[in-house]
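What follows is a group of structures, each given as structure tokens.
Heads up, the next two complexes both have subunit A, just with different partners, subunit B and then subunit C.
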Partner chain A sequence: MKNVTYLFIFLLTVLMLTGCWSSKDIEKLDLLLGVGIDEGQSNSHEYSKEDLMNVTFQLVNVSGNQSSKTYSGNAKPFVNVNETGESLLEAAREVLLKRKNTLNGQHQRLVVLSSKVAQKRNMRELLDFFIRDPEARMSCLIMVTGGLSRDIMDTETDEIPSVHIKEVSDHIEKSNKLIEPMTLSKINATMEAKSSFLLQNIEKRNNEIILTGAAVIKGDTITQVGFLNEEELVGINWLTALTDGGIVKIKEEGSNKTITYELETVDSKVKPLLKNGQISFQVDTKVSGHITELLAETDELTKEENIKDLERQIEEKIKEQIKNSLEKIQQDLKVDVLEFHDYVRIQHPDYWKSHKDDWDNTFSQANIDYQVDVQISSLNMNINE
Partner chain B sequence: MNLNQQERISPTQAIILIINYILGVGILTLPRTAAAEVGTPDIWITIIISSIFPIIVGMIILILNNRYPDKTFFQYSREIVGKIISVILGVTMIIYFLTLTSFEVRVMAEVTETYLLEGTPIPVLIVLFLWLAFYLNTDGINSIARVFQVIFPLTVIIFILIATMSLGLFEINNLRPVMGNGILPVLKGVKTTSLSYIGIELIIILSAYLTDPKKGKKIVFIGVLLPMIFYLVTVVIVIGALSIDGVGNLAWPTISLINSFEFPGIFFERFDSLFLIVWILQIFATISITLYVASLGMSQLFNKNIKIFLLVFLPIVLIISMVPNDIHQLFALGDLLGNAAILLFGVLPILLLGISFLRRKFN
Partner chain C sequence: MDFLHKVIGYLPDFNVYIYAILTLIVPIIIMKLTTLLTGAMKQPGSSKQKESTLMMTSDISDNVSMINEVLGGNNDIITREFFMNDSRASIIFTRGLVDTAIINNNILDTLIFNTIDDERIPYSLKEMLPVSECHEETDIHTITSYILRGETALLHEKSTKAIILKTSGSKDRSIEEPVTEQVVRGPRTGFNENINDNQAILRKAGVNKDLRFISFQVGERFKKELIIAYIEGIANETIIQNVKEKIESIHIDNVPESGYIEEFIEENTFSLFPQIQSTERPDRVIAALSEGRVGILLDGTPFVLIAPVTINMYLQSPEDYYDRWIPGSLIRLLRYTAAFISVFTPALYISFVSFHQGLIPTNLAISIIGSREGVPFPVLIEVMLMEVSIEILREAGLRLPKPIGQTIGIVGGLVIGEAAVQAGIVSPVTVIVVAITAISSFSLPQYTLSISLRILRFIAMFLAATLGLYGVIVFFLFFCIHLVRLKSFGVPFLGPAVPYQISDWKDFLIRLPIQSMKKRPEILKPGDKMRKG
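Take a look at the complex of A and B:
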């Protein structure tokens, strides 16, 4: 009897030790790194023209990376697969018909939407697939391109384009021409809150990828309503102070030579003021930094009054940038991409409650006062010249 | 019934038993369920306030227990309400514990299937875990307590590690304003958050096993306070990173949070699996203890060997756990269990205490 029991236990153990249940070999997976979504061209009659999209799946080319004997060294490290469908899942399933491996989204870094799609379609519909799919990571970034996302995905960079773009977007610390990268988890929260937001814009220029400007997404429709160019984005960044990096270029008065001011810290204080049921904002931006490149002839920067004068010129330059950006978002686009609603929500909860459904309009009529205070902290060791 | 020295547990072990029992499904879902009820970022206040209730419940059960020293609820209820009613109450309680076991093991299997072992059938995962729990239970409460003593520090270390790492996404503005809509929304969520302290009812059998029964109050107090800190930290970092609007449509907000950051360069880049491992240990702790209490109840009600019931309950738990068809039904079962817990451990002990008091007075 005892022996039978042992045999039984032994057999059970053998069953358990056969190996991993439903394991997948890594070489049998197509690792998905990025997805590009473009407007679909209906080349078949299967689909209604309306909601068609062309999806580019960027996959790791395992054999290209290995530089084995059968492949020459210059094989691309990635493969792009183009599919058309009415939904992402439909397109993803089409990939199965072309590739011998199955798709795996665990390493997805990027979703690029072409501006045409973003203007036409509700972004929630487009991104729902990634938010719901437990495979996709919530740290995946969302960006927009004015051109075709297919072209972006095809660009030759020293790395796989999706990975390259994600790494470039980390430069927000050093540049005020970028926005804080929008991850899936953040965009999910923003869309739920129905607030307007910015998405990083990517362009392809001279066969190179460049991150420039931003796409403006309106909160209540979650569609793209416009673009901000680099200069306008800088103006926005003065008010939100998300980055401490960047430069300000000014022309020396008179001599017309360039002086470059490098930022060290940018701080902004936003105060929402409520008076007679009218909301207005008071923004104080404090900037400090140093002069890095002095191409001008003025070499008397050691003098107090000259520094003051320079500070004033930089202040004016910054104010002008802010003014242009505010005009654009308040009068042209009528959206609050500055996240000023957060300050209202926190400091005037009652006002927020009654105005949150129409916030973008309320914001575009609100008066925004801004003060800029520039300090030149050091002259970068050239003090004796 | 005399308990031999082997089955005694120290107050520290009792605290760890309670904490491991309380920490379970709540850590993964609490930010969403509480956010749905409260609607403002004040969930953390709700969690602090609602910790009062489990402490009160624990204290009442303790008073009741102290009138019948060295006996568990299943043994002394007979002296209060007579044989028939005590069997009915006991069996109801056992059904509750079994259903709770099924619920927890099913949630564990669902999450494991989604995030770790895609493609593995859910019943397989459940069966494996139930066998392990059975194996742990065969040696009684003392060995359970000792295993928990290993699980607990591991949980604390990994939890602190992950909490610190997610600070990069933390934005204080997501937690402001504090009580912007007054105290009403805060109170609205009290019931939901109180239910995340389910587990304190363990004291109903636990005080019979204590080496030092006088420490009961301390055990209840610390046993609730430490899980409260866990919940507080979880809710603060999850809401702080994902905001109150962002957690509404995520089934497992805490996992989504850990999914949202990466640390390139160190040994691991992603920490979801690490967190899930700890969390699975916690669920395992919960199902072992509930399965044990259910079997212990049966063996004490009917004076039979506990191992028979442990074995009989395994297929029953498996069947109950497969009843919910989808995740919504599963969460509905969780709500049902919460209401049952309020009746069984919030209301019932007060009634029994009253009856017991009257009985002694008239005898």
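Take a look at the complex of A and C:
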């Protein structure tokens, strides 16, 4: 009898703990891969124009993916469904009225915001649906486009655009023209801390998708305040050193031919200095790499002083890029997208406490000193005559 | 009131209660049945009937007729009467069980043409017969049982004792390679149906004066010889005692195969897991004996039982030791993986596809959706269909004569693999899952374990279909709880894993070099802990 009691209690616990009673067959799902959010054009009088969103849901078109057998040539691997609504959920529910399957966000890769929406509306409002929805994937990326996100989603790539874009953004290891991918979970934390951040900018050019530059989001309003172009983004990346890849290209003195320097490692050390109630930063960037492509005619690279000279030229080039970027973010946009506030918070907590509410302004007035140390570790040459 | 409404809001659906009650009732019914059956089994069986002793008389014709009467006057019992000098004598034997050459040349020839003194016959008959084994018996029942075993009884007018002569020589299968447990490298010897041959095979493993055989008789009506083999000094005394007691308590009419013995002496009859190993390979038995286990040989079957057993023994092959240790270890790990796959793959597939679609890589999810489009059944039904048809195929291939069996395999494979997919009854991914599962379960070296795992697979599938991954994990916990409780002759079935015995791990999931295995498995509490040399 005792055993039966134990068994009863055990089974009761098993049943009470369940989290998933209802199963749903996989073929009854519409996998949502990407969402594009545009400013809406009101076509009914029900909503006020400002609040309207035009949402593009990118869904998998299964028959377009079975390229092996029944590929009909013009079947796209994806289906885009456009809906308008006051909120994302509302738009998502509209999809139910059109499709036989239910939406499932567990495979979501991407959210593209059009710049217009991002400038007008609070980022938290825009992303709240994804953050709260238990089905949404927190590792999906958030990007901003200057054009229409609908166009991005419609671009023909060799794969589903959302998947394609996510994979392109992984090139951060090889290129310093990208930012470190901003996932939904990371953005959630950053928004909570009210700090400014960058979002990857994505554009459609000549029917191709290209990831170029970044959108700047200001921390206290969580709206977009501007863009950084590719060059400016590179400058930022020298200071944050989140990427190890990329190239630096310089002109040979005299012949005006190009010498390409490929990065191997980039390291930076940020030191916040507090003097007389004034914060300033000292950044040391250490770069090492090799000469990969030498279009110049110089054959004197074997000499020590020539290499030193090249290193100096590269340093200057990098410093120039940093200077431009700093001008842009400190003077034009007045935002701390370098996340220097973290160093201040840790090393000068008292100062941080008194300035954190107005950090972006404080940052833009702070003096930033930067040192760049470039090393050419190898010439990538076979010295065989 | 508001609070009450809130509470009511949290109460699950009506359906959930139905599920819960069903899930509750089934185990209770199983448990009730179990207790009922165990109760029935424990009822004292009819006590062993004491056979009355029937002693030989001094009259030879009385004796012969008494023996014939006990044996029922069957036509295969041959009584041959003859004269030795002037006195009457007769031999009684069973036709077909004896080697007639021995009877003709060694017995009749010697006795009929002998010239010894009549006075000395009662004393020297045994000495003058050129037969290797003989002894005297006086009880008629004992004599008849010897006759039925293929020995010859020699009765003489002047003696009140019968001489039992070893003349058995029935047809036996030769020693062949066992079909069920083949190896690439290793001896090609297998047991046959003759217990004496089997005993001899074990003896031939090497000269060992400590190898002990204890003989028993099992079966009330069909008496059979059963031999317990162990190595004195290595095997734990309590285990031997335990085995002896259990075998002595067997009361049954007939024991056709060692499976009967297994069922009688195993500890948990209702467990899905085999708790005694059966093997046709002498090298397996020898290895087990030298670890301190006990072998049980039964006349009439090539399957020798080994007890106690731990679960790792079912996933080992003698070849692990004959090959070099690194490949041996890797192949053993592969088998553990295969065992896991054969239980859990369909369940995991079901739970991923119908509950946790987010855990599948996107590309795979897309192709699964594509392949499942147009399939009319839910995943569980689909997988069940395939699993059941594979089981049917396996059974059909097993029962049919060999050449047809192979054809069945091909036809079945084609029908299931190709036609079912083409017809849109199942999806190709399901076929892959089921095929991988089937192959994994066939790769286990011991058939008995792979059968139990196959049954467990179905339970796992049902739980996966109702509760998802949560159900699979609950099943896994049940599985582990059961295994941990299971014991084989007092030795934990999970072997060196639970209870944890680090020194035995050298020969558990992997096999370390033989030189490093200096101790015998401690889980068996062997008499002599060290392996010599």
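The rule is simple: the second predicted complex is superposed on the first by the 352 of 385 C-alpha atoms of A that agree within 3 Å, B and C clash if a C-alpha of one lies under 4 Å from a C-alpha of the other, contacts with A are read in each partner's own complex, and residues count from 1 in each chain.
Just so we're on the same page, contacts are C-beta pairs under 8 Å (C-beta built on N, C-alpha and C of every residue); 3 or more make two chains touch, one makes a residue touch a chain.
Note that the structure is predicted; figures quoted are calculated from it, not measured.
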Subunit B versus subunit C as contact partner of A:T157, first or second or both or neither: neither
First (subunit B), second (subunit C), both or neither touched by A:V4: second
Which of subunit B and subunit C A:I346 touches, first, second, both or neither: first
Which superposed partner A:S139 touches (first subunit B, second subunit C, both, neither): first
Contacts of A:V60 with subunit B and subunit C, given as first, second, both or neither: second
Partner chain in contact with A:S185 - subunit B first, subunit C second, else both or neither: first
Chain touching more of subunit A, residue-wise (subunit B, subunit C): C
Which of subunit B and subunit C A:L31 touches, first, second, both or neither: second
Which of subunit B and subunit C A:V14 touches, first, second, both or neither: second
Subunit B versus subunit C as contact partner of A:A193, first or second or both or neither: first
Common interface positions of subunit A, toward subunit B and toward subunit C: 21, 137
Contact set on subunit C toward subunit A in their complex: 16, 19-20, 23-24, 27-28, 31, 353-358, 360, 362, 365-370, 372-373, 375, 378-379, 465-468, 470, 474
Subunit A - residues contacting subunit B, complex: 21-22, 131, 134, 137-139, 183-186, 188-190, 192-193, 342, 345-347, 349, 353
List of subunit B residues in touch with subunit A within their complex: 114-115, 117-120, 124, 169, 173, 176-177, 180-181, 241-243, 245-250, 256-257, 259-262, 270
Footprint of subunit C on subunit A - complex, ascending: 3-4, 7-8, 11-12, 14-15, 17-21, 23-27, 29, 31, 33, 60, 62-63, 65-66, 104, 106-107, 109, 135, 137, 163
